[in-house]
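As written, the chain order gives the labels A, B, C and D, with residue 1 at the start of each chain.
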Amino acid sequence: MFVSVSILTLLAVTAIAIARMRDLWAAVMFTGIFSFLGASWMLILDAPDVAFTEAAVGAGISTFLMLGTLALAGKKEKPTTASPIVPLLVVGITGAALVYGTLDMPHFGDPAAPVQTRIEPGFVEKSQHDMHGLPNVVTALLASYRGYDTLGETAVIFTAGIAVLMILRRDPEDCDHRVTQKSASTEKKGRSS
Amino acid sequence: MIEYLDFHLPVLTIVVPLIAAPLCVLLGARTMAKLLSWVVCWITFGLSVWLVAKVSAVGKISYYLGGWEPPYGIEYAIDPLNAFLMTFISGMGAIVLMYSGPSLSDEVPQSKHYMFYALYLLCMTGLLGMCATGDLFNVFVFLEISSLSTYALISLGKTRRAPLAAFQYLIMGTIGATFLLIGIGLLYQMTGTLNMADIGVQLESYRTAGVVVDGVQGPPHWEGSRTMLVAFAFLTVGLCIKMAVFPLHTWLPNSYTYAPSVVTCFVAATATKVSVYAFIRIVFGIFTPTFAFELLPLDTALWSFSLVGIFVASIAAIYQTNIKRRLAYSSIAQIGYMLLGISMANQHGLTAGIVHMFNHALIKGGLFMAVGCFALRLGSVHLDDWRGAGKTMPWTSLAWATGGLGLIGVPVTCGFISKWLLLTAAMENELYPVAALMLVSSLLAVIYIWQVVEVLYFSPPSEKAKKATEAPLIMLVTTWVVVGATVVFGVWTTWSAGLAGDAARVLLGGGTP
Amino acid sequence: MSSDQFFGLYNYWIVVFLMMTGFYIVIARKNMIKTVIGLNIFQVSVVLLYITMGKVTGGTAPVIPPALAGQHDAHDQHDTHAAPSGHTPAANATAANETVDHGHADHVTELAHELAHELTHDATGDAIHGVTETAGVIYTNPLPSVLMLTAIVVGIATTAVALSLIVRISEDYGTIEEDEILQMDRRQ
Amino acid sequence: MNNVTPEAMIQICLALPLVALLLVVVAGRIPNLREACTITVSSVLFYVTCCLAGHVFSGARPHWSLGDVMMPGFEIAFTVEPLGMLFALVAAGLWVLTTIYAIGYMRGHHEINQTRFFACFAIAIFAALAAAFSANLFTLFVMYEVMTLSTYPLVTHHGDEKARNGGRVYLGILLSTSVAFFMLAIAWTWSVTGTLDFTEGGVLATAFSEGKISQRQLAILFCLFAFGIGKAALMPFHRWLPAAMVAPTPVSALLHAVAVVKVGVFSVLKIAVYIFGIDLIADTHAGDWICHVAAASILLASLVAMTKDNLKARLAYSTISQLAYITLGAAIATEASIIGGGMHIAMHAVGKITLFFCAGAIYVGAHKSNISDMRGLGRAMPFTFGAFLIATISIIGLPPGGGAWSKYFLALGAVDSGKAFLMGALMISSLLNIAYLVPIPIRAFMAPVETPEEDTQDKHSGAGGWKIKEGPLLCVVPLCITAVGSVALFFFANHIYQWLLPIVQAGH
C-alpha cells in the first residue's frame, strides 16, 4: 500500500513538473522517469509484461527518439502568450466527466468485477488448455486469441517505419526542396520589405 | 480452392492489401510497386464484391479470426452495411489509384512513389479493417493503421505546410484515438468483453424496468449508468474528432488542402465515412438507440451541433478562394447532414444518413478528382486561376459542374436522393424547423458551388487557363466514372436506398432485442 | 461518499489526474515536442487505466509457475478429476491431437469450449466464483496486459511519426513553435 | 400517325427535342444545317403534339412510365391530361416560330455561341414538354429544375458582367425558392399523403378528412407551393424575371413569355387541381392568402411596368402581372377560374410572345430598346407595330383578342367565389394594362418623328419617317403569324373551353 501510494504521488508530481517545465531536455528526461514510475506501478498491478515493455519502449526508445529530435530541433520551449484558461476548462470538464464515470465503476481489485467474471472460463484456464500450459499467459493470449491484434500492431510498426522513412527522406530531385527554398526566399523578401 | 476462399473471404479482403504493402516496399521499383498496388486494389475490390454478394445471399457472416471464438478471440461481423462500405472503399481505392498516375508524378517526387503505394494500401487496409471487425479494440488498432498512413500521406504535399497539416492532424487524431481507447476501456470495465455484440448483450443486463409512479410505467432505467454514459461520451467525442464534426473539425481543412490531390481524393471519399460508420455501429450496435437517445439527449445534441456545423462550415466555404479548402469546409458541412440523419434514430433517418454517407463520398470523391485534374493542368487550385477554364478543359469542367449539382442536391443526382430522404425523415419526426433549416443551408451549397461554375464558364480566361489543355485521358475517364456514378445512383435508387434501408433495418432490429 | 468507495476508486482518480495532465500539455503547449511529450503521458496514463482494471485483490501476475503448469498439464491429460461421463477422455484425446493441427481450428475451439465447460463445473467448488483461478492461485486478468502491449507499441509508432514530422517542420520553418509558424504562414 | 399509339407519341414528343439537341451539337459547325435540323425537328414535334392532342382531347389519358428504377413514389412517369396537353401544344407550336425568329435575330445580331444557344433551347423545350406531361410531383420537380439549369446559360449568354449578374439573380431566386419552399412542400405532401401522383380530385382531401393536416396547414402548404414555384413570379419572388431580360430576345420571347414562366403557372394550376383538388381549396379557403398576394402582384407589377422605359423591362413586369392572373385563378379555385387560368396560359403566351418578337425586331431593325426612342417608328416598321397593337389588345383582354375570354372566365370565377375586391383588382389592372401598353404602338404610329440629332445618327431608319425599314424577314413573319394567332384564339376559345372542362368536372 505504502509503495503504491508513493509511486502514485511521484507520478503525479512528475507529470506536473513536466507540464511546467520549459527546458525540453529536462522534460524528456522526466518523461522517461514518468514511464519508469508507470512501469513500476504496473509491476505492482501484476502486469510484468506491460511493465517491461513500457520501460523499454516508453522510457527507452521514446526518450531516445525525442532526444534525437531535440538535437535537430532545439532544446528550449518559448513561453507562450496564449491564455491557459480554455485548455484548463477543456481538461477540467473532461476530467470531471471521467471522475463522474468512475463513480459506478467496480472498485479497484474487486474480484466480482465484470472484467474478472464475464468470461468463463477465464483466459488463464482456457489458454492452459488451448496452449498446453504455456507458462506466460499474456504471451499466449498475444499469440492466439488476440493474435490478430498483434498482426495489426506489427502493421502499425511497419506503417510508422515507412512513414518515418518517407517523411525524413530528401532527394536532390525532391520538388519539396525547391518549394521550400522558394518560400524561404519569399519570406526573406517579406521580412526585408 | 473456391470454398477455401469463400470461407476466408472476410479476412482476405483485409489481409491481401496488408501483405501487398511490404511487397511494394520490397519491390522498390516504381512501376513494379504501381502495378502491384493496382492489381491488389482490384483484387480487394473483387473480393469485397464477392463478400457483398455472399452477405446478401446468406445474411450476416461471423468469421472467427484464427478460429478463436468470441469473446475470447476476435470476430469479423459482416452485415449488409459494412460489406457495402467495404466494397465502396476498395472500389474507390482502386479508381483513385488508377487516376493517380499523372497527378502523382506531378506532385510527389519519383523516389517516394513506392512508399506512397505501400502507405496507400495500408491506409485502405486500416479502413477496411475498421469496417469489418466486430471487436472494439480491433477497431482501435486498425484505426491507427489507417491514421498513421494518412498522416504520412498528407505530409507528402508539395508545400512545407503539408507536414504541418499532417502534424496538426496527428495531434488531433491521436487525441481522438486515445479518447476512443478510454471509452473502450470503460466499456470493458463494465462488461468484461470487447466483442461489440457481446457488449450490447451485457449492457442490456444493466437495464431494469422503469419505476412505476402512480401506476404509470416509467422509462427503463440503467443500473450503474454513469460509467456507461461517460464511456459513450468518450467514444462519441473520439469519433467526432475523426469525423470532423463541427467544433472538432480544425484538422480537416488544412489536411485536405495541403495533401497531394490524390490523397485528398481518397481520404475525403473514405476516411471520415468510416468514422461515421463506426459511430453508427457504436450507437446502434453496442448501445441501443434507447440508451443513446433516451438516457442521453444525444439526438438534440447531435442535431443542434450538426445544424450549427452545417451553417458555419458552409458559410466558411463561401469565403474560401482555395478550391480544395472550399470543398474541405463543404465536407465538414456534409458530415452534419449525415449526423442529422443518424440523430433521428429511426428507420427513415438512419437510411437517409447511410445513403448520404455513400452519396456524399461519391460526390466529394468526384469533385476532388476534378480538382486534381485542374491542379495538374493549371498548376493551381485558386479560384482566380480557374477563370475561363471551361473553354480549355471542357470535360473536367463539366465533371466539376455535374458533381457540384450533386452536392447542391439537384434532382437526378444522388445528392437529391439523400437530401430528399433526410427531408422526409425530418418531416416524419415532426422536426419541421430542422427540415426548413436543412433546405436553407443547402442554398449555401448553391453559392459556393455556383461561384466556381460561373468562374469556369462565364469569365474571361486567366493566363493559366488559356495555356491549359484537357487533363490526361486516364484521369478524365476515372473522374467521369465517379461523377457518372453520382448520376446513376441518382436515377437508379432502388439499389442504393434499398440497401441502406436494409442496413438500417438490421441495425435497428439488431440493437433492440 | 463512503471511505470504501473513496479507496476503491482512489487509484482511478489518480490515473484520471495523470491523463488530464497529459491532455493539458497537448492542448495548451505550443511547442511541438512538448505536445508530443504530453501525448506520451496521456497514453501511458491510459495504459495505467487498463492495467488498473485488470488487477484483482490477492491475485498474482498471470504467469503460471512451472510446477503448477506441469501439474495442470498432467491433470489435463490424465483426467484425475471425476469425469462426469465416459466420453470425456476421448474428447480430451481428440483435442490434444488436433490442437497441433491448426488447420481445423474451428473444430478444436468447439471441443476446447466443451472441455472448458466441464472444467469450470469442477473448479467452482470452493474458489471465489468466477475469478480466474487455476489450482488455487488467483491470477490477475491478463487481457488488459495483452491489449496494452499493443497500445504501447501503437503509441511509440505515433510518437515516431510525430517526431519525424517535427524534424521536417523544423527544417522547413526553422522553428517548432506553432505560434511562430502560424505567424510565418500568415505573413506569406 | 394513325397507327401510332398515344403512349408512343409521348415518347416521340419527349425524344424529339433531345434529337434536336443531338443534331445541333453534331452539326454545330455548319450553321445552316444546324438550323435546318432544329426547324425540321420542331415542325415534326408540333405535328406529333397535335396528333397526341387529338387523342387527349377526345378523352384518352395515355400514360408512360420509366419504370421503377427509383424509390417507390419517385418514378419518372408521364400522363397526359388536357391542361398539360394544352400547355404542350402552345410550347411546341411556338417553338417552331421562335426557332425561325431566332435564326433571323441571332444572325442579324451576330451573336456568339449560337450552338450552345440552340442546344440549351432544345433542352428547355424538352423540360417544358416533360413537365407538361408529368404524372407526379416528382417528375414535375425534376423537369422544373432541369429547365432552370438549362436556361441559365441562355440568360448569361453574353458572358459579360451584366449578364452574369442577371444570371446570378435568375438562378439564385429560382433555385432557392424551389429548394427552400417547393421541395419542402413536396416532402410535406409526401409525408401526409404517401403519394405524389397527380390524381383527379386531388390527394390531400383524404388526408384533410383524416386530420393529418389542418386547415391552416393546408393554407401554408398552398403558400409554399405558390412561392416555391418561383417561375410563377409571384411577388416578392419576381425579381428574376426582369433580371433574365439580359438574355437575347428570342430567349425572352419563348422562355420568359412561354416556356419558363408558363411552366411555373402551369405547375401551380396543376397542383391546385390534381394535388389539392379545387373543392378542397374552395372548402377550406386554402388559397385565400395567395388570392391577396396575387391580386397585389397584379396591381403592383402593372404599376411598376408603367415606370419602365426599357421595352423589355416593361414587358417583363407586364408578364409578372399576367402570371399573377393565372395564380389567382388557381387560388380562387372555382370551375370558371381554373378554366380561365388554363386558357390564359395559351392566350397570354401567344400575345406576349408577339410583343417580345416585336421588341426584338425593333432592336434588330432600329437598334432601339427604350420606349421613349420609338416615337414615330411605327411608320418605318408598320408590320411590327401593327402586330404589337393586336397583341396589346389581346393582353389587355379586349375583343377580338384571345385574352378577352380568359379574363372573362377569371372574372366570372372571382364573382363566383364572392370576393368583390378581386373583381375590383382585375378591373383596375385592365385599365393599367391599357395605360402602359397602348401608348407604345399609338405613339409609334402617331407621334412626330424623332429629334434631328437622332436622325443624323441613324439616317436610314428615321429619316422622313415613311421609309419602310423592317427587321429581317425571318423576324417579321413569325410575329405576324403569332399576332394573327392571338386574334384567331378569340374565335377558337370555345374549343379550349371544351377541352379544359374535363379537368374541373372530374373533381366532382
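The rule we apply is simple: a contact is a pair of C-beta atoms (placed from the backbone, for glycine too) under 8 Å apart; a residue touches a chain by one contact, two chains touch by 3 or more.
The structure presented is a predicted model; accordingly, all values stated were derived computationally and were not measured.
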Seminar exercise, completed: Comparing A-C with B-C, the busier interface by C-beta pairs is A-C
For this session: Compute the centre of every chain as the mean of its C-alpha atoms, then state which one is farthest from the centre of subunit B.
Result: D
Exercise. Where the CA atoms of subunit B average out and where those of subunit C average out, how many Å apart are those spots?
Worked result: 30
Exercise. Roughly how far is subunit C from subunit D, going centre to centre by Cα mean, in whole Å?
Worked result: 74
Exercise. What whole-number Å value describes the gap between the mean CA coordinates of subunit A and subunit C?
Worked result: 14
Problem set entry | Geometric centre distance via CA averages, subunit D-subunit B, whole Å | 45
For this session: Pull out every residue in subunit A that's touching 2 or more other chains.
Result: 98, 102-103, 105, 113, 115-117, 123, 126, 146, 149, 152-153, 156, 159-160, 163, 167, 180, 183
Problem set entry | subunit C residues counted as touching two or more neighbouring chains | 19, 23, 27, 32, 53, 108, 143-144, 147, 150, 154, 157-158, 161, 165-166, 168, 172
Seminar exercise, completed: For subunit D, residue numbers touching 2 or more other chains are none
Seminar exercise, completed: Chain-chain contacts, ordered by label, are A-B, A-C, B-C, B-D
Seminar exercise, completed: Per the touch rule above, subunit A residues touching subunit C in the complex are 4, 8, 11-12, 15-16, 18-19, 24, 27-28, 31, 34-35, 38, 41-42, 45-50, 53-54, 57-58, 61-62, 65-66, 68-70, 72-74, 77-78, 80-82, 84, 87-88, 90-92, 94-95, 98-99, 102-103, 105, 107-113, 115-117, 120-130, 132-138, 141-142, 146, 149-150, 152-153, 156-157, 159-160, 163-164, 167-168, 180, 183, 186-187, 190-191
Exercise. Which residues of subunit B touch subunit C in their complex?
Worked result: 64, 66-69, 73, 137, 140-141, 144, 148, 151-152, 155, 160-161, 163-164, 166-167, 170-171, 174-175, 178, 181-182, 185, 188-189, 194
Exercise. Contact residues on subunit B for subunit A in the complex?
Worked result: 18, 21-22, 25, 65-66, 68, 71-74, 107, 109-112, 115-116, 118-119, 122, 125, 129, 137-138, 141-142, 144-145, 148-149, 151-152, 155-156, 158-160, 163, 182, 186, 188-193, 202, 224-231, 233-234
For this session: Write out the stretch or stretches of subunit D touching subunit B in their complex.
Result: 68-71, 74, 138, 141-142, 145-146, 149, 153, 156, 159, 163-164, 167-168, 171-172, 175-176, 179-180, 183-184, 187-188, 190-191
Seminar exercise, completed: The subunit C residues in contact with subunit A across the complex are 4-5, 7-14, 16-25, 27-34, 36-38, 40-41, 44-45, 47-48, 51-66, 69-70, 72-73, 76, 95, 99, 108, 112, 115-117, 119-120, 123, 128-134, 138-150, 152-161, 163-168, 170-172, 175-177, 179-180, 184, 187-188
